[in-house]
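Several structures are given next for inspection.
Shared chain: subunit A. Partners: subunit B in the first complex, subunit C in the second.
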Partner chain A sequence: MKKLLYRHETYVLLVIIVLAIVITAINPSFFTVENLFDLLKSTSLMGTFAIGMLFVLISGGIDMSFTAVATVTGYTIAVLLLKHGDSMNMALVFLVAGGLGILLGMLNAVFIYFFKIPSIITTIATQNIFYGLLTVVSEGKWLYGFPEWFDEFSSIRVFTLYSETGAPYGLSIITVIWFVLLVISWFILKHTVLGRSIYAMGGNIGSAQRAGFNIFGLTLFVYGYMGLMAGIGSVIQALLVQTVAPNSLVGKEMDVIAAVVLGGASLMGGTGSIPGMILGVSLIAILSNGLTLMRVPSQWYEVVIGLVIIISVGVSAYRRKKITRKRVITESN
Partner chain B sequence: MRQKISYLSILIVAMIVVMVMMWIFNGNDFMSFNNFQSMGYQLPELGVLSLAMMITMLTAGINLSIVASANLSGIVMAFILTGMVSQEGVVQDSSGVVVLAILAGLLVGILIGFLNGFLIAVVGISPILATLGTSIMIGGISVVITKGYVISGFPKAILTIGNGSFLGIPIPLLVFLICAGVMTVILEKTPLGTRVYLMGSNPIACLYSGVDNKKVIFQTYIISGILSSVAAIIMIARFNSAKADYGESYVLQAVLASVLGGVNASGGFGKVSGLIISIIILQMISSGLNLMGVSNFLTIAIWGIILLLVMVVKFLLEKNSQKRKFS
Partner chain C sequence: MKKKMFVVSLISLVTVLSLLAACSPKPVAEEEPYEIAVVVKITGIPWFNVVETGVDKAAQELGVNAYQTGPAQADPAQQVKIIEDLISKGVDAIAVVPNDAKALEPVFEKAKEKGIIVITHESPDQVGTDYDFEAIDNVSFAQSAWDQLVRHMGDSGEYAIFVGGLTVPLHNFWADTGIAYAQEKYPNLTLVTERIPCGEDQELARQKTLELIKAYPDLKGIIGFGSLGPIGAAQALKEKGLTDQIAVVGNVIPSQAAPYLADGSLKEGILWNPADAGYGMVWLANYLLEGNEIESGVEIPGLGTVTVDGQVVKLDATLFITPENADSLGF
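Up next, the complex of A and B:
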C-alpha cells in the first residue's frame, strides 16, 4: 500500500478519477458508454504512437521523427489506394505502411548506433529530411476519395448498440487494433528476454553492453518498432479522417512524448510501462474530450493542457526530489 | 596530421563548400551585395532564437518554449503599439511608445524565463518537460488574448528595427551581432559563463565546488527568455504584425542550428562563434536554393542532411584521432 502511494501512476489515476467526476457533474453525457467508445476510437491514433514512443524512451532514447515517418507511410498508402485501390486489401495496406515505417525507423537506429549521434539530434535531422522531401514530392496536396472498402472498414464495429435516438454505436475495429497492439507490446516488455533487455539497455547502456546484450540489435528493434507504430498509426489516421494531408501530423510529436512521460516513463530511460502509458494517454484524451463536453471555449484548451502537464509532472518530480533528499539525510546519519 | 582537428575548422570548411556550391549553381546572383543584404535581414530571427536555445543546452537543458515565449512577448508589444497609436491617432511621435513596448516585451521574456527556472530548479521537472508544458500553456495564453487573430499596423519607429539599415548593414543583423557579442562576453569572461559550462559538464562537481546550481539555472533561463523577446522584436518589426502561432518550426531548427554549431546536446561544450557559422551555413543554403526557385521544404530536408553529415564527419575524425593516440 505504501509502495503504491509512492508510484507516479497512482497520482495520474487520481487526477483522472477527479477529472471524470467533475466532467460528469457538469455534463452527464461524458459518463456514457457511447462517449466512452467514441473516446476510445479517437484515442487509438495517439495511443498507437505512444506505444512506439514508450519503447524508445525505455531504451534511453527519444524519437522526434515518428510524425514525419507516419506522414511518409500515410502518403505512400494513400497514393497506392488511389492508383490500385481495387486490387488491394486492408492487410496489404498495413503491411506496406508498417514495413516502410520499420525501414525508416531502422535508418534512425543506424545513425544512432554506428555514428554515436544522440537520438534527439538524429531524429530531428531525419524529421526534417523525411518531411521536407515528402512535401516537395507531394507538393503539399491533400489526398482523399479512397476506395469504398477502405471507408467501410473504418466503420466496422465488433458489436453494435443503439442509443435512445436509434443511432448505432459500438466498439470500433480501430480500437480493437489498438488493444491488440497494447497486449502484444505489454507481453514483449514484461515477459520476453527482448523486453527486459530494453529495460537493461535504458538503465545503463554501458553495463548492458558489457553484460553481453546485443546493443545494435536492440537499437534496431526499438526504433524499428517505433517506425512500425508510426506506420500503423498513419493507417489509423487515414481510416479515421479518410484524408491524408502532408502537414497534419508533424509538429505533434511533443504531445505524444508528454502523454507517455505523464504515464511514468522517464526521459533518462529504464522506466515506463504499458499500463502507465495507457493512463497518461487517457488523461490527455479525457481532458480534451471533457473540455469540449464542459463547453469550455476551444481557445482555452492549450492553457489547460499545459497547466495539467506542468502540475502533474511537477507533483511527481517534487515528491521524488523530497524522497531522495530524505534518503540522503537518513543514510548520512 | 598529429594535431586534433577542431570542430570549428570543419564548420568553416563546410561553410566554404556551401558558398562555392551556391556560387556555381547561381552565378553572381548569389555573390551579390543584394543577396548578402537580404540574407542579413533573414537570418537574425533564427540566429537570436538559436542563442536562446544554445545557452540552455550548454547547461545540459533545453528550452522548447522559445517560440511560444517570443510570440507572447510579440503580442504584448503589439497590443501596446497598436493601442497607443489608435488612441492618439498620430503615428510620428511614437518613440516613447516603442520604448515602452520593448520594455514590456522584455519583461514578458524575463517572467517566462523565471517560470521555467522555477519549474526546473525548485520543482525539479526535467527541462524538456518543463519547457514543453510552459510552451503549450504560453501558446494557449497567446491564443486566448488574441482570440487567434493577427495584430498589425505598427508605428514607423519599430518597423525601422526590422527593415532599416545602418551604413548598409541591416539593423536586424546588428541586433543579432550585439546579442552574439553579449553572449560571448557572458560565456567567456564572466563567472556565470564558467558556471554554465561547469554545470553542463558535471552538475554534481559544480555543486560541490560551491556553485549555487539553482541560481545558475534561473539566470540561464531568464537570459534565454530575454533573447526570445529580442527575437520577438525583430519578428514583429519585420512582419509588421504579431500572431499566436508564428514560426513554430523554429524550435527544432534552433536545436538543429545549435548542434550544427558544435553545441553538445548533453551540455558543457559549444561556442558562440560556431553557432554564428552554423547560422550562416543554413542561411546560405536557404537563400541559394531560393534563388534557384526550389521549394522551401527541400531546404529543410537539406538542412537535415547537412546536420547528419557533419555529425558523421565529426564522429569519424574523433575516432581517428583516438586510434592514433592509442597506437
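Up next, the complex of A and C:
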C-alpha cells in the first residue's frame, strides 16, 4: 500500500476515476460500452505513437520527428494504394509503412549516435527535412478515394453490438491492433534483456556503456521502434479517416509527449512503463471526450486540459518530494 | 580533421543554397513589374493550392510578379514573420489571408509606413488593411449556409457548428451572422453548444461528432466551416448509421466531398472558387498600384463586378456543391 503511494500512476488513476464519476454524473452516456469502444478506437492513433515515444523517453532521448515520419509513411502508402490498390493487401500496407518508418527512425539514431547531437535538436532537424521534402514532393495534395477493401478493413469489428437506435458498434480491429502492440511492447520492456538495457541506458548512459551495453545497438532499436510505431500509426490514421493529408499530423508531437510524461515517463530517461503510459493517454482522451459530453463550451477545452495535466503531475511530484524528505529526516536521526 | 569536416559541410550547404536560389526565376531588371506577395494561412493544403492557381493566372495575365507564400502551419506568429521579411524585401503590395486578424495589425502598420499596399482576404473587419477582398458577400453567404442547413434538417431542432479555430475571423463572422439570422428567421432551431474548433482537422471532427451524438441525442444538423469539418462529421455518421437522422452541410472541397455527397452522409456544400479569390486579390492589388480608385461597379475580368462597402471589396460568387456538380467543378 505504502509502495503504491510512491507511484505516480496511482495518482493518474485517481484523477481518471474522479473524472469518470464527474462526467458520468453529468452525462450518463459517458459510462456506456458504446462510448468506451468509440473512445478506444479514436485513441488508438495517439496510443500507438505514445508506445514509441515511451521507448525513446525511457532511453533518455526524445523524438520530435515521429509525426513527420508518419506523414512520409502515410503518404507513401496512400500513393501506393491509389496506384496499385487492387494488387495490395493490408499486410503489405503495414509492411511498407512499418519498414519505411524503421528506416527513417534509424536514420535519426545514426545522427544522434555518431554526431553526438542531442536528440531533440537532431529530431527537430529531421522533422523539418522529412516534412519539408514531403511537402515539395506531394505539393500538399490530400489523397483520398482508397480501394474499397481498405475502407472495409477499417470497419471490421471483432464483435458487434447494437445501440438502442440500432447503430452498430463493437471492438474495432483498429483497437485490437493497438492492444497487440501494447502487449508486445510491455513484454519487451518488462521481460527481455533488451528492455531492461533500455532502462539502464536511460538511467545512466555512462555507466551502461562501461557495463558493456551496446549503446549504438540500443539507440538504433529505440529510434527504429519509434519509427515503426510512427509507420503503423500512419496506417491507423489512414484507416480512421480514409484521407491522407500531409499537414494533419505535424504539430501534434507535444500532445503525445505530454500524454506519455503524464503517464510517469521522465524527460530525464530511465523511468516509464506501458501501464503508466496507457493511463496517461487515457486521461487525455477521456478528458477531451468528457468535456464535450459534459457540454463544456469549446473555448474552455484547452484551459481545462492544461489544468488537469498540471494538477495530476503536480500532486504526484509533491507527494514524492514529501515522502523522500520524510525519509531523509528519519534516516538522519 | 573535425575542422575540415566542418568546412566541407559548410561549403556544400552554401552550394546547395545557391543552386536552389538559382532555380527560382528572377524578374527582368528593365522596367520591373510590380511585386505582389500573397501570404496565405498555411501552404501546401489543397485549398490554398487552388488559390495559388488563381494567383499565377493573374500574374501571367496582368504581367506582374505575383506569387504565393505562407507558413507551413496555420500559425499567426509565423505569418507575421513572413510579412516582416516581405516588408524588408521591399515588395509593392502584400495580400494576406489572416490566421489571426489582431496579430497582424502592428505589421500592417509597418507595411503602410513603407508605402506598401495591404490587401486582406477572409477578414472583413481587419484593422490596418487598405482593402479587404471577398469572393462572396459574407452576410448573404452565411445566411445561405443556414438556409442550406434548414433545407436538409427542417426548420426546427438541434444543431451544432464547427469552425476552423476560435480566432479564424471569417468562420466566426459567418457563425455570428448565421446565428443571428437563425434567431430571426428560424426561431425553432437550437444551437446546442458553443462552436467547436475542429473544422481543419478531419480526425478531430470525426471524434467530436461521435461525442456530440452522445451528448445531444436529438441533434439533427451540423454546419461546418473549414474544409475538413463536414467530411469528418460525415464519416462519423456513416460509422454510426445516422446519415438519415443528422444533416451535415458546410465548406468542402468538391472532389473530396463527392463520395460523401453521393452516399448521403453529407447533404450539400457551400463555397466559392478559391482560384477566383487568388486572382481577385492580385487583380485588386495591381489595380490600386496603377493608381486607380476602386468603386462599386468596376469589373474584374472574368469574375464579375464588385461592390465596395467601406473597406470591403466583394464579388458575389457563392458556389453550392451538390451530388450532381461535385465531380465537375475541377477542384
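In this text, the second predicted complex is superposed on the first by the 319 of 333 C-alpha atoms of A that agree within 3 Å, B and C clash if a C-alpha of one lies under 4 Å from a C-alpha of the other, contacts with A are read in each partner's own complex, and residues count from 1 in each chain.
One rule holds in what follows: contacts are C-beta pairs under 8 Å (C-beta built on N, C-alpha and C of every residue); 3 or more make two chains touch, one makes a residue touch a chain.
Every value quoted in this text rests on a predicted model; they were computed, and no experiment measured them.
In the model built by aligning both structures on subunit A, subunit B clashes with subunit C. By the touch criterion stated above, A:Val241 is placed in contact with subunit C alone, subunit B being left untouched. In the superposition on chain A, contact of A:Asn89 is made with neither subunit B nor subunit C. Of the two partner chains, subunit B is the only one that A:Val261 touches; subunit C does not reach it.
When the two structures are aligned on the shared chain, A:Pro168 is found in touch with subunit C, with no touch to subunit B. Once the two complexes are laid over each other on the shared chain, residue contacts for A:Asn214 go to neither subunit B nor subunit C.
Looking at the shared chain after the overlay, A:Asn27 reaches subunit C, while subunit B stays out of its contact range.
By the touch criterion stated above, A:Thr192 is placed in contact with neither subunit B nor subunit C. Contacts of A:Thr160 after superposition: neither subunit B nor subunit C is touched. Using the contact criterion defined above for the overlaid structures, shared-chain residue A:Lys321 touches subunit B, although it does not reach subunit C. Note: residues 131-132, 135, 140, 251, 299 of subunit A belong to the subunit B contact set and to the subunit C contact set alike, using the contact criterion stated above. Residue ranges on subunit C touching subunit A, taken from their complex, read 42-46, 48-49, 72-73, 166, 192-197, 201-203, 206-208, 210-212, 214-215, 217, 228, 231-232, 235, 239-242, 245, 253, 256, 259. Those residues of subunit B that touch subunit A in the shared complex are 64, 119, 123-126, 128-130, 132-141, 143-144, 147-148, 248-249, 252, 255-256, 259, 265-266, 295, 297-305, 307-308, 311-312, 315-316.
Chain contact summary for the complex, subunit A toward subunit C: residues 27, 29-30, 32, 34-35, 38, 42, 45, 131-132, 135, 138-142, 144-145, 155, 165-169, 237, 240-243, 245-248, 250-251, 288-289, 292-295, 297-299. In the complex of the two chains, the subunit A residues touching subunit B come out as 64, 111, 115-118, 120-122, 124-129, 131-133, 135-136, 140, 251, 254, 257-258, 261, 267, 299-307, 309-310, 313-314, 317-318, 320-321.
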